[in-house]
Each structure stands twice: as structure tokens, then as C-alpha cells.
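For reference, the structures are reproduced in the following blocks.
After this come two complexes, each holding chain A, first together with chain B and then together with chain C.
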Partner chain A sequence: MKWLSLFILGLVMALLIYAETDLPDRGDPEAPANQHVSPLYLERTVEDTHTPNAVTSVLADYRGYDTLGETVVIFTAGIACVLILMRRRSDDNQIRKPNS
Partner chain B sequence: MITRYESPIVEVVCRVIVPFVQVFALYVITHGHYGPGGGFQGGVILAASFLLLRLCLGGELAHQKLPPRLAIALGAFGVLLYGLTGLVPMMAGGQYLDYGHLPIPGVSGAELRYVGILIVEIGIAFGVLGIMVGIFDNLVERQS
Partner chain C sequence: MILEAFTDRYVYFMTVALLIIGLYGMLGKRNLLKKLIGMIVFQTAVFLFFIEGATKFFIENGTKLRGSVPVIDPQLGTDPALYVNPLPHVLILTAIVVSVATTGVALALLLTIHRGYQSLDEKVILERMRQ
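So, the complex of A and B:
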């Protein structure tokens, strides 16, 4: 069983490496991902938002909805941590019943 | 709860460092428009200053600076500020999170989007600050 899973892992790795050779180089200006809206963002960020830092204008303005979701995710995860920690404390305060 | 350990060195160094850390955090938050920085990073630095206060001064003194309940409330307020900043332009006739329609008198066009980004960054910073401090407070509370 262990050898079988190792074999499958190796197979998937070979497949992924084979697929990776077809991907465009990192930072390649001719890549499809860099051809669609990225040049527009870079060209118009100062004129649209008066913000020279394109990272901030994309993060908070062009892709503001994404960042809103990010903030809500962080907040929800943190609140969940706080609730779990509170629960642990109140459990410890109770005297353990013998049969539970 | 953290109890205070009497050490003049730790206390004095903490009292000297914390204001500078907080000013630097505000700088990072507002400098997001021009360079590295922004709400997430600045909020964490601001939270770190309050955590330093809690570590050095002990719970009783540090909780006067930022009570644990207020920290969580601040976090919720930050996320709400972000959401409302999206909702207000919708009332004014634009789309959700379209800062160009924020009803702020005196600014218009690109300047308005600039202000919108700033408000949103401040909201993010509040959210991160509240959550970091809230988790820390609940982690260190004494189990009695």
C-alpha cells in the first residue's frame, strides 16, 4: 500500500512537471495573464486614483471587493479563535463529573 | 492574565518604544499610497505595540489603554467601515465600492478615489488590530 501511494505520487509529480514546461516564464510580458487588464491598471493608476503605488490601487480600488472578502475572512477566523479559547476557559472552570 | 513583573528597565524601555511604534504604524498605514505598506501591515504593527504594553505592564495597567472588549469591537468596526464605504456610493448612485461616488464635499474625481482607498485601509487596520489583540487576550487569560 505504501509503495502504491508512492508510485501514484511520483506519477502525479511527473505529470505536473511535464505540464509545467508549457507554462509561460515568470514575468513574461507576452503571457496571457499580463496581456488582459494588467497594462491598463499600470497605465491608469495615477490618473484614476492619484495613487502612484499600483499595488495599493489594485488591492483597494480595482479589486476592492476581493480585499473586502479577505478582511471578512481574517475577522471571521479571528472571532472563531476567540470563541474557541473562551469555550476552553469556561470548560476548565467547571468541576468534572465522574461519568463524563 | 499576565501579572506584572517589577523591572524598571523593561518598563522604561517599553514606555519609550511604544509611542514610536504606534507613530510608525500610522505611517505605514497612510504610506500605502506611495510605497510598501497598507492596512494589513500597519494594523499588525499597531497591534504589536498594544501587545508590547500588555507584556511589559501586565494586564491591569495595559487593559486601561485598550480594554479587551473594546479591541474586539474595534475589529468589528473596522470591517463595518469597509463594508459601509462600499455601501455609501451605492446610495449615491454608483456601484458597490465605487469610491468615485462617495458624497464627500470638496473633493472629486481621482482625489475622491484616493480618499476612498485611505478610508478602506484604515478599516482594514482596525480589523486586524482588533483581532490580533483579541486573540492574544484570550490566549493569556489565566485558567482558574
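So, the complex of A and C:
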């Protein structure tokens, strides 16, 4: 079991290092991630949203639905925590004592 | 020459190292809390990879300069080459919040498991489940 997990780790590491060779150099302005929409966000943020901070304008204006979904995730997690941690009366009988 | 290649790529090797550490925590450890910590390290590696991907360099008078924070400065103008990419920052802001939420639910589940079986060790829990 131990050797199997070490083998899997080595395999994943080899795969990741192989995939790394295709990535662009660090800070390359011509990289695909810096090309399509992100220059438009930086150029238009002041005239579209009157917000100089591009992160804020993308978070709350251009991609506002994403933030709405995020609040739904937080709400669901809070409800789940409350439901999991709520002690029910039937639980007290099911707690097993370690028979040592 | 080799140093140049190293400074261009070392972030990726650091990310791979963190990913492997997190995966080892999830696969190799038997304590459920340590598995959770491994998961958090894995998530943090992905965050750092994205934030690092936001960096932009530009050349001015022959020197390599780092892009500024993505807040439009009236003195700099709106040239996108001068600022780092804002999109990864936004995505990771969302992802950090989601990761906090999942960590909270996981800790609640661990607390319930510990209440039920008085242990967080995988083997002990499996043994007590069979009884």
C-alpha cells in the first residue's frame, strides 16, 4: 500500500513536470492568459464602471453572477455545518464507546 | 543562461512540489485531520499557481520591469501591459472563499466522526465500524 502510493506520487510528479514544459515563461505578456479579455477589463474599467480597481470591477460588475453563486456556496456551507453539528437526541444512543 | 531558464520556470517546479506534498498528505497519512491538511496544501498550490500566472513583465529602456497592481493609476494610463492580469486574482478570490467553506464543512464532519468513534485514525474507525 505504501509503495503503491509512492508509485502514484512519482507518476503524478512525472506527468506534471512533463506538462510544465508546455507552459509559457513566467510573466510573459504574450501568454494566452494575458491576451483575450483581461486587457479589455483593464482598458475599460474606468469608463464602464467608474472603478479604478480592476479586480473589484470584474468581481462585482463584469462577473457579478459568479459572486452571487459564491454567496450561495457560502450559505450552503453554513447550513451544512449547522445541520452536521446539530446534536440530535437519537445520536446519543448511537455513540459507541471504545471497548478497551 | 541556465539561471535565466531557472528564474523563468522555477515557479512551476515549486507548484509541482506543493501539489506532490498535498497529494502525499492525502494518500499516505492515516489520520483524517492530516489528510484534510494535505487537501488544504493542495488547494493552496493551485492558488499560488494562478496568482503567479497573473504576473506580467514589460521592457522599459532595456530593463525588465514588473507590472503594477491592477488599479488604474491616472499617471500610468490604461495601457494593459503595465498592469498585472486582474482575472486570476478575481478567480482565486472566489476560490479561496469556496475553499474556506469546504474546509469548514470538512472540520464539522471530522468533529462528528470523532464524537462517534473517539478517534480520527482510519484503521481504528474501520475496526470500530465493524463491531
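Heads up, the rule we're going with is that the second predicted complex is superposed on the first by the 83 of 100 C-alpha atoms of A that agree within 3 Å, B and C clash if a C-alpha of one lies under 4 Å from a C-alpha of the other, contacts with A are read in each partner's own complex, and residues count from 1 in each chain.
The rule is short, and it goes like this: a residue touches a chain if its C-beta (ideal position, glycine included) is under 8 Å from a C-beta of that chain, and two chains touch if they have at least 3 such contacts.
Since we're looking at a predicted model, the values are computed, not measured.
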Task = Determine, for the superposed arrangement built on chain A, whether chain B and chain C clash or fit.
result = fit
Request  = Answer with first, second, both or neither: which of chain B and chain C does A:D61 touch in the superposed model?
outcome  = first
Key: Touched chain A residues, chain B compared with chain C   = C
Task = Pick one for A:D48: touches chain B only (first), chain C only (second), both, or neither.
result = first
Inquiry  = So in the superposed three-chain picture, is A:C81 touching just chain B, just chain C, both, or none of them (first/second/both/neither)?
reply    = both
Query = Taking the superposition as given, does A:V72 touch the first partner, chain B, the second, chain C, both, or neither?
reply = first
Inquiry  = Contact-wise, after the overlay, does A:L11 reach chain B, chain C, both or neither (first, second, both, neither)?
reply    = neither
Message = Please give the least Cα distance, whole angstrom, that chain B and chain C reach in the superposed model.
response = 7
Task = For chain A, give the residues common to its interface with chain B and its interface with chain C.
result = 52-53, 59, 67, 74, 77-78, 81, 85
Request  = Please give the residue numbers of chain A that touch chain B in the complex, ascending.
outcome  = 47-53, 56-57, 59-61, 64-65, 67-68, 71-72, 74-75, 77-79, 81-82, 85-86, 88-89, 92-93
Note = Note: in the complex, chain C contacts chain A through residues 7-9, 11-13, 16, 19-20, 23-24, 27-28, 52-58, 66-67, 70-73, 78, 80-81, 83, 85-90, 93-94, 97-98, 101-102, 104-105, 108-109, 111-112, 115-119, 128, 131
Inquiry  = For a test of understanding, state which residues of chain B touch chain A in their complex under the given definition.
reply    = 32-35, 38-39, 72, 75-76, 78-79, 82-83, 86, 96-97, 99, 110-111, 113-114, 116-117, 120-121, 123-124, 127-128, 130-132, 134-135, 138-139, 141, 143-144
Remark   = In the complex, the residues of chain A that touch chain C are 2, 5-6, 8-9, 12-13, 16-17, 20, 23, 25-29, 31, 33-34, 37-39, 41-43, 45-46, 52-55, 58-59, 63, 66-67, 70, 73-74, 76-78, 80-81, 84-85, 91, 94-99
